[in-house]
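Both complexes shown next keep chain A, but they swap its partner, so chain B is in the first and chain C is in the second.
What follows is the complex of A and B.
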């Protein structure tokens, strides 16, 4: 099987040049081209358990806003979080985060096998429901590992230590001076934080985070390492 | 660093917020006159003392209201806009004839 090119799919990552510069090996997951790994995959999973950064920007995601948005999404059979700034998982692995009383963010699982994002995007929306195409507006990075919270304390004002910021919690805040939505979504026992932020600033944020990670031996990792950690029970 | 409490996101650094001007109750569109309406849109009181102001948490684009003492810069409280804007206001523009 020939290895896919990072530019062959309809959607390419805003930072694919960074990945090719790091000699990434790419893979196809659903319709998305993702970085599978940079180094030897089993070694990368070990590094990711300490501190890693992955780019998931090509995976599906969407959002909805408006006075009728929550009721409409719920009517589509989607389980919603009770409180704003929390997230819940669907049975197909899709994560739904409630950003306010009138706004939802819906993101795919790591294998892109869930159907919720696709289903919601194809439905005609109800009144007072407006789509937020997050795949076009926001990049999606993941920070993994035990040293993640300490690294975040250098670039973020919110306390993301795991005993203060629980699994499924959401923080909408400033990260390296960039507005970001941070969601804690652990990979089995390894802390993991999804970051959604302005897609045009992705290279800046990627470089800032890698720089902040350097003192903790943090490295760029591929989605293969994330899946290994998620399966490690 | 100054801190401000967003009603949605909690306490955050002031650098995450944008000031949005004074809050004034909207005059009744059915009984007001153009002068009063222009004052509502363009004029500010700039009062010394406790005022109500618009603030936006930029990271989440969430607008809310704050009561702040402009003399001491003490924020008395911040609150959700639904406390004030809890019903729809419908009105029609008066017919002032053809503009052609």
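What follows is the complex of A and C.
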């Protein structure tokens, strides 16, 4: 089987050239072409436990807002967070973040096996419920590792230290001067933060974050390292 | 010089010699030495030349608090020699001299000092008119300190946020105790100190006759602090300001920390002050604490024969230290008539030091630029000495006459500085919530009191944060003895008693400023420049306030001090500029443009292709792109356009109220031009509104305007409460415009589920379908005036769309075109660009767009103003013009339209039109010449007057047949 190319799919990460520049190995997960790894996978998982950055922008996600949005999504069998700016996991691994009393962000699991995103996208819109094209409006990056919060403090004014920013907490803030939604979603015992931000600024943000990470020996990592960390219980 | 044995020399590593140079002379020091200490170790006491009179200056504070210690480094001027460490092969030079540091020709200026009185600049260059312009270049050449190395590659500076429950500023005894108390109570504490090690004054001050207490307390506190995991220590770090809500910028190395503290405790200590007497600025005259720092921190003897002028017991403690370092103490000159007998004074007496109580140092004398003796005299009344003098030979004079609290941060926080006449000291009060002070900054001098007060401040903080609910103990009683002498100022017939070392200001300068009518301390500061030098009044504020008070018959409390603004210490520009973020946006097709040879330009945060080809061929490339669109087909990236989803039952009504046109009756499947005005009827944006269903419009907006449009929409609907949802989806869609006579032919190759025939999909029609297998929104628009389709697809499919369309167009030689060609194409069609052809005053009638304003709607934003404007005669009109003289320079944007000498308008757009073969443009003109056929005069490049004919719009394809093919 030949290795997938980042350009073989119609949906392409805005920074796939950055990955090829780092000699990334790609994989197909569902319909998405993702970076599997850059370095030897087990080594990369070790590096990720310290500080890593992964591009998950081609994985499925969606969003809904409107006065009826929360009730409608809940009526589809989706468990919602109680409070705004928190997130919960569904049984299929899908994560649902409540961004306000009228807005939800729904993101896939790392294997893209969950059906929630697809199911919600296929339903006809209900009254006062409006879908949002989050798969294309926002890039999706993941920052992993024990040094993540320290690195974030160079680019973000919110205290993301793990004892201050609990798992499942959401921060809607500014990251390197662009708007971002940050969700803490640990991979087993490894801190992990998802970043959703303006997709047209992805290259800028990726470069900024890698620059900030250099001090802590942070590296780009593939989804394989994320899965290894998630399974490391 | 042989260094003093340990425990002297706390900061140096004697096993690590470091070689460096000063004034091209190779010298040796140790790792941990500051430049100043290493120079002192080499008997180099002359550090710099003063700013105005080029007087020789030596080290004064050894604490980085004065301008005497400024030296030139290769990387930067004005480095503080008493803070900057030596490094291997560091090249250090003096600065602000002509000739050499030792033989400075600039010192001749001192001979003319009586002709350079306070306010000299104001007085000397005021008349005759224009004289300042003559003098300014000469004065500017003399002004300023040091030289900037413009060839230097900038270092990497950056910033970082930090968050703490409690930040304690100053790691002296009060600070360490405060940090410990707060940390033990569970707070996350940051303890910051500008010095390399914790301890503050405990590292160099002597608190008892035996000289052991300071070290014992320091060792215990440092041990406890470093062992406490709740405390983060940051040394070599300066809290450079206090901003609202305890926002503290902390500079450490090349990083600016932006620290959020819930509670701040200032234990910033106190700054020792100089005595004011004749020649008090000679090298060898230094603060008592500076001499102690030299000995205890660097193991250096500050002299061989010392005199101490004091107004407190600290001078005696220093004398004991000097004697321990085998330095001959020739006399203690005590300003006090009857100093209290204490352990320290008794010990000094026991060791045989000559104590001259009730005496002052009236003058210092120099030999080879260094102090050689002092003239001491009996004080007969405050500031007045008896004529009889006694000369004492010495090469070191230590001054211990008092302190000011390090009040800068507290004052920035709103604290008020008062003067207590009894203690002759500034005191701080009226501190805001969330800010405590403790230790000598709060006028506590006894070690036990400082520790108690540190703990008390911490308890107030921990109670406020909810960590404790402890009873707050009463504040300790202030000590009855003050370390400050009330008048350590002695005027001399020959002057040169310096109040402000930075600016060479003497007693007479300050007094004369008040006599010139500048009695307020703030005016004295500005008139005399007292306190405006690098040390920002740290050592001049107290003496200046006392002098102004005396000269104006007020108390010091009434006189006050000047404002202490940030920053506290000098900071590199890199600290502010370093690691700034400049967001950049790229469409998903960005790299395809680069691969096609595009020259990119930045429009706001977006990168956009300007044109494709070499810079040298710019014009021909652009013209070819225009011609290709007119005659064939081109593809342009329009991803930067704004996109707004307006959905819900009231979507039509909402757009009706927002935009000038009518939208309620707009058919599904149709697009309509949408012009946006503000309440003043001024055009602020435009786009097209595409109706995809009864309750769904997709509205485009300009690249730079969409965020403002979105905010406006949210603002208005917060008032209107219509049942509508507004979503900014600009980034979610990537778009192209495929335009030209062969656009349909190319598009048809990759779009099979939409009938592209003119009748089925007419001009201003909108459709949803797929292009090259990608879900797409198609809009038939005519911005460039040709058959054209905008194709909008989800952002991450942009590159695939571009590839598919370019491949489909290969057969007909479709070419990409950039925004420069697009600008010309739209100009040929007379289409305006918002904010280029409009300004902050433009209304729809002025720009000939009255057609885009509905007369049938009851309301839209700006409607009432537009209705009123319509009833008035227009002030100007935007018209098209053609330059007929082929040899005339092509006018440019903002060139003026003239009527004789009168300015009547300006050009907003102008370009050579490849399609028409002549320059065309848009300009605001007087309504009288707005009719086609009128002539206008434009002042073009170089002031040349160019004649142009006003013509009807559009310039090209007046029947607009081409876009409706």
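Keep in mind that, in the parts below, the second predicted complex is superposed on the first by the 233 of 233 C-alpha atoms of A that agree within 3 Å, B and C clash if a C-alpha of one lies under 4 Å from a C-alpha of the other, contacts with A are read in each partner's own complex, and residues count from 1 in each chain.
By definition in this document, a residue touches a chain if its C-beta (ideal position, glycine included) is under 8 Å from a C-beta of that chain, and two chains touch if they have at least 3 such contacts.
Just so it is clear, the structure is predicted and the values come from calculations on it, not from any experiment.
*Asks:* Which partner does A:172 contact after superposing on A: first (chain B), second (chain C), both, neither?
*Replies:* first
*Asks:* Can A:157 be said to touch chain B (first), chain C (second), both, or neither?
*Replies:* Both partners.
*Asks:* For chain A, which side has the bigger count of touched residues, chain B or chain C?
*Replies:* Ranking chain B and chain C by residues of chain A touched puts C first.
*Asks:* I'd like to know which partner A:200 touches here: chain B for first, chain C for second, both or neither.
*Replies:* In the superposition, A:200 touches chain C alone.
*Asks:* Considering only touches as defined above, state whether A:85 meets chain B (first), chain C (second), both or neither.
*Replies:* The first partner, chain B, only.
*Asks:* By the touch definition at the top of the document, which applies to A:100: first (chain B), second (chain C), both, or neither?
*Replies:* In the superposition, A:100 touches chain B alone.
*Asks:* Should A:137 be classified as contacting the first partner (chain B), the second (chain C), both, or neither?
*Replies:* Touch status of A:137: second partner only.
*Asks:* Where on chain A do the contacts from chain B and from chain C line up?
*Replies:* 157
*Asks:* Please give the residue numbers of chain B that touch chain A in the complex, ascending.
*Replies:* 1, 8-9, 12-13, 15-16, 57-60, 62
*Asks:* Using the touch definition up top, name the residues of chain A that touch chain B in the complex.
*Replies:* Checking each residue of chain A against chain B gives 84-85, 99-100, 157-158, 171-174, 179-181.
*Asks:* Per the contact definition, I'd like the list of chain A residues that touch chain C in the complex.
*Replies:* Touching chain C: residues 7, 9-14, 17, 57-58, 65-66, 128, 130, 132-133, 135-138, 153-157, 159, 161, 164, 176-178, 198-201, 203-204, 208 of chain A.
*Asks:* Quick one: which bits of chain C touch chain A in the complex? Just the residue numbers, please.
*Replies:* 158-163, 258, 260, 579, 581-588, 591, 605-606, 639, 645, 647-648, 723, 725, 727, 729, 731-733, 772-774, 794-797, 799-800
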